[in-house]
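To start, the structure under review is shown below, and the notes come after it.
Chain nomenclature is as follows: A, B and C, assigned in order of appearance, with residue numbering initiated at 1 for each chain independently.
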Amino acid sequence: MSLSVPASWTARVSAYSNVMAGWLSATPDSASGSSPRAALRPPSEPTATSGRGALQLRRVNKRYEVDGKSLDVLQGIDLVVEPGEFICLVGASGCGKSTILRLIVGLDSDHDGEILLDDRPIGPPGLERGIVFQEHRLMPWLTVEQNIALSLEATGRSAAERARLVREHVDLVGLTGFERAFPRQLSGGMAQRVAIARGLVSQPKILLLDEPLGALDSLTRLYLQQELLRIWSRERITMVMVTHDVEEAAFLSDRIVVLSPRPGRVRRIIPVDLPHPRDRGDPRFIAIRQAALGELSR
Amino acid sequence: MTARTVWSERWRGAVLPAGILVLWSVATYDGWVRDDVLITPWRTLAPLGDAAIRGDLIDGIVASAVRFTEGALLGITLGLILGVVLGLSHRTDRAVGPSFHAIRQIAIFAWVPLLTAWFGNGDFGKVVFIALGAFYPVVMGTYEGICSVPPHLREIGQLYCFGPWRLLRRIILPAAVPSIVGALQLALIFSWLATIGAEYLMGGASPGIGTFVMGAREMLRTDIVLLGVTVIAAWGFLLNSLLRAGSRRVLRWRDAAS
Amino acid sequence: MSMSIPGTASTAQGLSRTGQAPVTVLRFAQRIWRFSRPLMFPAAIVLVWSAASAYGWVSPKILPSPVTIAETFWDMLAGGDISANLGISLIRVAKGFVVGGSLGLALGVAMGFSRTVEIWIGPLFRTVSQVPSLVWIPLLMQLFGIDEMLKLVIMVKACLIPIAITSSEGIRNIPGQYLEVAQVLALSRRSRIVNIILPGALPSIFNGLRQGLSHVWVSLVIVEMMVSAEGIGYLMSWGRLIFQLDVVIVCMILVGVIGFSLDFGLQRLEARCLRWRGTGAS
């Protein structure tokens, strides 16, 4: 049973053109002069503070006590993420980018400053904030569909509705046919796709991704970047992704947030105003990538 | 976790054993329990006052220790040899291995009647039994240690034109040492168990701590039984602690080197 | 490695050009050869052994011939000795394992989930568990006499300890990553236990169950050898008493076979319950 990602370039090209075709058919006004980001948003133009996944971080600080001395991990983080936006946090190791995600999802509540989701302070972890980790963290004893259904345990939905949602999301991530497989039978890329489905199935307002493609080989990574874009364009959900790969950030996100290390601070936010699908050889793309790299190496 | 919480946890862990000890002492004192069934801790130590009993006890400990050492050495030596042979030679492993594993299924204590029929109740039968206890784990551990030497290490030996003896001495055995050391620990524990078991089951032709205990049981001297069992348990603790400390030493060397 | 049966290799080559059947015969013969190879060494031993008895190298009283042993086995089977005694032993094993196993699981789960229980009971438990059940036998004989209660107590002690230890460790060693997933999915406490903690601890629990069962069997045989009037251990010591070593050897083999089957059965159960682990993990 061949469960690995298609490795041939022809398969990859056809996957790419499928994405393009999906794009062109789903956005009839992309030919017009409207902003490329608008093409991704639902028809009504939401503002930063309406109730569909707007995230705000205000003066967020985080400090550790080590041997009586205090260590600042994050300092004065101010960030506004609009609903439906895809932003990437990039920075060197140790700049606290994963910490920011953990604070947003609620695994860590020890911080100064405010974190607001749709104008309300966040609390302990809840299903309105989904997260995908770097390791897939699938339960080895549950099948693909049981792993995804785990997300719906705490909701009050009926069994029929849960089954429907799981099925939809298995299809969304392109794993139809593998519902009964166990994680050990899946390749790294497929397991990570299950993790993404698990993060999305409870229909959160915002999805956090902590270097989700970091543990995969580069071919799989390229393929999954396409998949992430496709899923994001269909679901139109706010996505906050942490990555150390600047090119990945430039390829995927609407804005790149560059963080400086120790203590973590927002150094610069670089908007990426290029239409999807983006050409990695386009001079504007390269310019943005160079700008981000420049910020990082300062 | 602060140092204080660790200590307070330790104290709490000691409450239950201390409580049991107190309860035990009091139970017989106030006549709650008949005192020939449940002996107070103090009465357990009392027989030590009697010189004859003390002498028997010490003779028993010494004799058991001697048999333990003899049996363990015999079993470990034979076990190492068979383990190395099975590990190195696939042919021998395929021929002899299955039979070895089949025989291993028979609990070693089931060998006792046969051994006593062949060798009587004296020392020799007991030593053979103790050796058997050490034999199995050593064979298994050595075999697995040798089999799990990574092939690329052997290749290095081939690259440097090591002869078979040198390959064994410088590469295979050292790589198998962690597994062998683990097996030796197990072997010593099993030998100890076999020493006691041999004396319980093979009876009192020769002195030994187990024989001492069984003899006391027949005379219905529960206090001496308890004394003997405590000595045996203490011996076990001592052995366990020594093995743990010893293996920590060996492991520390290994970790520092890697 | 050449496994050809002498004489057939070239013939098979020649014939295979003309037909399939001879090649299949060769492969079949090779399979039989491979299957019988592990049996060659024991077969040789049995042959030498039989010869030793037949030619009187060793007195048949000391070492009964394999034929005698087989005959004795047959007689005992027909006469009901085996079924009666083995049945009693197996019933005892069942009682001991069920009681000891449930107590062990209960204790292990308590120690695994509750840090408080672990702090209070843990050290005492670990101390007691260091001394094997065998050592306690004379004392327990004093306290409980020498009938069924003694056997039950010894068996319970023998399996309670490994089961409690492995299940508490299994529960406490669930990787933190999975517990975080439970947090971000906002699972209820019950759901977390049922979906994550128990399945994750199951491999360790099964490990303990297998150790416990093997300990139960061995300790039962020991006690039966020492102080019983029935059971396989008794049968063995009785055979020793009347110096019928063929009876003794038959019982030894039975002890080995039953021990193996008990473990094998539990292994199959484990494989079924832990199907998600796949092959190659044990």
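As a working rule, a contact is a pair of C-beta atoms (placed from the backbone, for glycine too) under 8 Å apart; a residue touches a chain by one contact, two chains touch by 3 or more.
Please read all numbers here as calculations on a predicted model, not as lab measurements.
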{"item": "Chain-level touch network, classified as line, ring, star, complete or other", "value": "line"}
{"item": "Which two chains share the largest set of C-beta contact pairs", "value": "B-C"}
{"item": "Remotest chain, subunit A as reference, centres from CA atoms", "value": "B"}
{"item": "Separation of mean Cα positions, subunit C and subunit B [Å, integer]", "value": "21"}
{"item": "Chain centre separation in whole Å, for subunit B relative to subunit A (CA means)", "value": "57"}
{"item": "Subunit A-subunit C separation of Cα centroids, rounded to whole Å", "value": "51"}
{"item": "Residue ranges of subunit C in contact with subunit A within the complex", "value": "177-178, 180-181, 183-188, 191, 195-196, 199-200, 202, 274-278"}
{"item": "Residue ranges of subunit C in contact with subunit B within the complex", "value": "37-42, 45, 62, 119-124, 127, 130-132, 134-139, 141-143, 217-218, 221-222, 225-226, 236-237, 239-240, 243, 245, 248-249, 251-253, 255-257, 259-260"}
{"item": "Partner subunit C, residues of subunit B touching it in the complex", "value": "9-10, 12-17, 20, 37-38, 94-99, 102-103, 105-107, 109-114, 116-118, 193, 196-197, 200-201, 213-214, 216-217, 220, 222, 225-226, 228-229, 232-233, 236-237, 240"}
{"item": "Subunit A to subunit C touching residues, read off their complex", "value": "105-107, 124-127, 129-131, 133, 135, 137, 139-142, 150-151, 153-154, 182-185, 198, 202"}
